[in-house]
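Below are structures written as structure tokens.
Below are two complexes that have subunit A in common, paired first with subunit B and then with subunit C.
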Partner chain A sequence: MYFSGTVTLLLLFNLILTGLLLFLYYKEGNSFAYESVEFISYKVRFGWLVRAIHYWSAVLLILSIAFHMFSMFFLRAYRKPREITWFTGALLLLLAVWFSYSGSVLPWNSKSLFMAQSSTEILKAAPLIGNTLADYLIGGNVITGQNLSFIYKVHILILPALFSFILYIHFSSIKRNGLFNPEIEYNSGDECKKKLPIYPNFSIRAFLLLIIVTDLLFILAVFSPVEIGIKADDMITAPQGTMPGWYFLFVLQLSKIIHLFAAEVNGKQIGITICICIGMVWFLAPLWDRISNKSKISTFQKYFGISVIILIFCLTIIACVADY
Partner chain B sequence: MSESNMDSGKKTRRDFLNYIFSVGLFGWLGSVLYPLYSFVSSSKLKIDDISYINLGVNNEMEINSSKLFKINKKPAILIKTKDGELKALSAVCTHLQCTVQFNKEENALRCPCHFGKYDLSGKNVSGPPPNPLTQYEVFVKNDIILVRK
Partner chain C sequence: MNFKSTLRLVIVIAFTASIQQLLYSQKTQSDDHCFNCHEVLDGRLKKPADLFKKDIHHQKGVTCAGCHGGISSEEDQDKAMDTLEGFIRVPKGRSINKVCAKCHKKQSDAFLKSFHGSDTKGKQPIIVNCIVCHGIHNIVPVKNKNSAVNGANIVKTCSKCHSNAQFMKKYNPGLNIDQFEKYKTSGHGKKVFSGDNKAANCASCHGNHDIKKVNDPNSKVYFSNVPETCNKCHGDSTYMKQYNIPTDQYTKYKGSIHGVALLEKGNMNAPNCTNCHGNHGASVPETKSISLICGSCHIQNSLLYEESPHKSAFSKEKKNDCVVCHGNHGISKPGDEMLGSGEKSVCIKCHVNNDKGFIAAVLMKNMIDSLLKEMESANHSIYLAESMGMDLSEAKFEWAEINEALMIARTGTHFGHTDKFVSSLKNGFKLTENAKVISEQAVNDFYKRRNWLAYSLIFSIIIFAALFLKLRKIEKMRNI
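Up next, the complex of A and B:
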């Protein structure tokens, strides 16, 4: 399982690098944000490329963290003594989504603004915490030109600081317990206890992966660059049926389905509540999965994991198809 | 590269592969570093160098309508005429700098302050304005209206 973790790190590396580059030219604020992104895309040499790579690394980063987490879930790698690694990892996924969400507002074009507004609507529907959450996420009730600079500061200062801190804990707890190796854990045969030497074996693999990951990003960036769109106007509310960020599509689809069966209830509220509950159960896996701690396989754990993945996957696909 | 091969001075298959891989690696490094270098060295450019302004989707703009926007911090007006032609003019009246408006009925621009009148090419037709309005170049690309500064 070095693989998914390493890919995640490499994407993070790409993300930080392109982020720093964009930082050189991006200007915050209502009257500069859009213009500076336009400037980056049209005037700065390879600006469009850097921007597109930043975008695509973010998308792939969330996917790879999710993949990393799913595989760790099925390997039951969260068991004692690795709870901290599991908890911090899950927090990192949430932070990555927050990163992507705040980053999507920064270009200040109408499409991304509508998308972010739609995501915010979903979050605000969460019972009890919804509005407070929105306060922390966007510095107010709705996204306007005023809190654009708040979102920017969160994106470049607060989130990176939080992310690095939690990543540090994640790594130090990995270091304390050693990398999780299913062969050692489950076969307990001595012949499996060989470790992969860092140099040259691991470094060469990592370097090859870096080449592959970077090339993939280049290909995505060249063939599917990020558009600039029309400058956002925060006085206009998002038209009906605007899609939230892709990472929230399954929540939206779930609430639509609920709405279909019970028209009188608030579909969004129930949808997000269900998702939060499932998320909590998933997150707290090390606490309830006592059976696996005794090196047995818990049936509930297995079926729960499989159904969560199928649910998210199908709902996202349905949402995409329905939009199309 | 074993000793014996080095001694005999022959090129082996391994040398050849090593060579190919190093060329490939350097090529790859170059293709990554060059964009990075160009990106950073663009810092001499200034943000107002963006030479045109994006005014939205052409199809979404109604015929015989207008839209105010800013060009170099001054108001300007975009007009879609009855025939669907696009015109971009400075909206600063040449008389006393009021902002001119599009008048559908007259098919002309009117200044609300002292009723100066301009035709759609910006020419001052009647009233106090002494000079015509500056025209900007408009063009449509991928159905997006762009005005050159």
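Up next, the complex of A and C:
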């Protein structure tokens, strides 16, 4: 449990490092983006490796933040006085998804463009804020070669600045309130003495995690390299059935299931509305979880948390299998 | 009823009708005092009345007041030409249209929307009014041979402006002015000038009052509309009966590779009827060889054919060059199956078993088939390496050259001999082999990466194990 945050941090450092290396060669714009990615992958020494590690780090980052958040949810680490840590953590997850979404457009190949277009369509379906939100995310109504530059600048300037700021608040809050330790929080007496020293115990464990994560990234980079694809043409719209980014697959699958049972309703809109509602309940946990017993998780909370995880997991798997 | 009685009856009916027409004409003439006075005047004032005698409007009872306003039946000149009674004197410029539109509204509306008659960008239209084409005071029905817009006359009427370089310069300096000269040489022109009014004149293709610019998609002669326009006459078996020519050209063309490209895919580089037959000079191709017409687009094929043994053989048998293998209006997409000795082979139409041509055809087909097989295998290797994320830009470059070699070889079949064909196909085989080697090398590189990954994993597992043991030892010592 303690180490999910550490893994997240390791992946974040990885992303910054590989991102800086990619920044040296990447050129934004309709005429250069695809060619520069091709150059990075084929001509720059180990460019393919840096790109693949950047890609897989981003995927694992979202997963590790989500895992970190799920574990904190069940441990009820969001309770007073750690509400700020929880809220900033939730915001960091949303920003990581935004990072991944904007980064997926940058290679400017048709697959990534179609995927981003499909993700945008899901976002646009959100009631009231959908269209405005999509406009702010992509800098226009649709993704074209013209706003690729906007998306790139958001990816390398705005998002890192926002992420760093929120991460700073997140860490400040941890520093002020201390690391969450359920044994200290919920138990008393001798068990409290079993506090892990930072050096050498915690440091060596973190280093072992670093080795595992790095090995995993290398295995993924070699066995599943990021493809170059065909250069994107923004005049062509995404064909029917194009899948959005993997982090939106569960929303798409939910929409499809709704559409299956009620063909006359707007499945996408209802699907994203349900997801937003569930997300709001989840993220606002510190506000509603005030009355339950301090040491024991409530039945509602337990089943709600498990249901959400199963729902996201199963819907994503079904969508992947259906696509395959 | 015998012949004499019938003849008598016909004479009586004809006489009665003539008397009636005369009385009616006299009545209207006597009522049209403008006409009566102008007829007896001299010079400039008499001329309109003289011309008007033969005018269809005069014959149908339209008086001068019909166009000029006033009261024709009034004997007093001042009253007849009173502006309060609507007398407009001689209408000029655009106001003439308004006068004609009183009766001919449909034509006037169409004209005002046409390229000739519309006020574009606030400028005055090219043709200001109806009289430019139809004349004035001497207008006769279109079917009348003396009408300015009848059959052969309309061609001359149009050519007044369209063959006038000085005039056309003002509107479209780039437009040719030889349409009339070309038309005279065309199949249509020859028939029209020999008195056949059924043959196409300018209006048949371009329309009359509603003429649009050629590059206007609504124009009847817009590039992709031409086949349908030609088909209006050429597809009508009743209309074309007297000419004894087929009427299925459009049906065949629609299904041909050219027709599909132009009409379905909207490819404006594909030919329409005029590319082979000409437009104003349209006729059955008269070049010494059909290949010169096809060769205006298919240059390389035509050049090779001109040097091939087929050229002289077809000339001897008076066969139509390219048409022998490809057909004319219904040309289908050429494929490798046209070679060899299979069911769809065109070679076996003339070549018999094991003659020189037959052997060459089989050799060509077999060689192309084996290159295609090799290409498929190379393509698979490229795809495999590419899916592994390897750099295949060099192989892809080779791939483009392989396709070019295949294209040259396919073109080389028009030469008839196997020399040029074999040399370019050999190049294709060589390039395919290169592409395969490059992609296989890329696959090997990928496996090298995997090996290096395995070494680094072993190294990291050793470090991991050492650290893990050290950690356990420390924790045991400290009793954590």
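Some notes on this structure:
Definition applied: the second predicted complex is superposed on the first by the 315 of 324 C-alpha atoms of A that agree within 3 Å, B and C clash if a C-alpha of one lies under 4 Å from a C-alpha of the other, contacts with A are read in each partner's own complex, and residues count from 1 in each chain.
Heads up, the rule we're going with is that a residue touches a chain if its C-beta (ideal position, glycine included) is under 8 Å from a C-beta of that chain, and two chains touch if they have at least 3 such contacts.
Because the structure is predicted, anything quoted here is derived from the model rather than measured.
Three-chain overlay on subunit A, with subunit B and subunit C in a clash.
Of the two partner chains, neither subunit B nor subunit C is touched by A:135. In the superposition on chain A, A:214 makes contact with both subunit B and subunit C.
Contact with subunit C, but none with subunit B, is seen for A:52 once the two complexes are overlaid on the shared chain. In the superposition on chain A, A:24 makes contact with subunit B only, while subunit C stays out of contact range. In the superposed model, A:222 lies in contact with subunit C only, and not with subunit B.
Residue contacts after overlaying the shared chain place A:36 against subunit B, while subunit C stays out of touching range. Using the contact criterion defined above for the overlaid structures, shared-chain residue A:205 touches subunit C, although it does not reach subunit B.
Within subunit A, the residues touched by subunit B in the first complex and by subunit C in the second are 38, 42-43, 211, 214, 228. Residues 28, 32, 35-36, 38-43, 45, 47, 49-50, 54, 56-57, 144 of subunit B are the ones touching subunit A in the complex.
Looking at the complex, you find that subunit A touches subunit C at residues 38, 41-43, 48, 52, 194, 196-197, 200-201, 204-205, 207-208, 211-212, 214-215, 218-219, 222-223, 225-228. Those residues of subunit A lying in contact with subunit B across their complex are 21, 24-25, 27, 32, 35-36, 38-39, 42-47, 49-50, 211, 214, 228, 230-231. Contact residues of subunit C toward subunit A in the complex are 386-389, 391, 393, 449-450, 453, 456-457, 460, 463-464, 467-468, 470-471, 474-475, 480.
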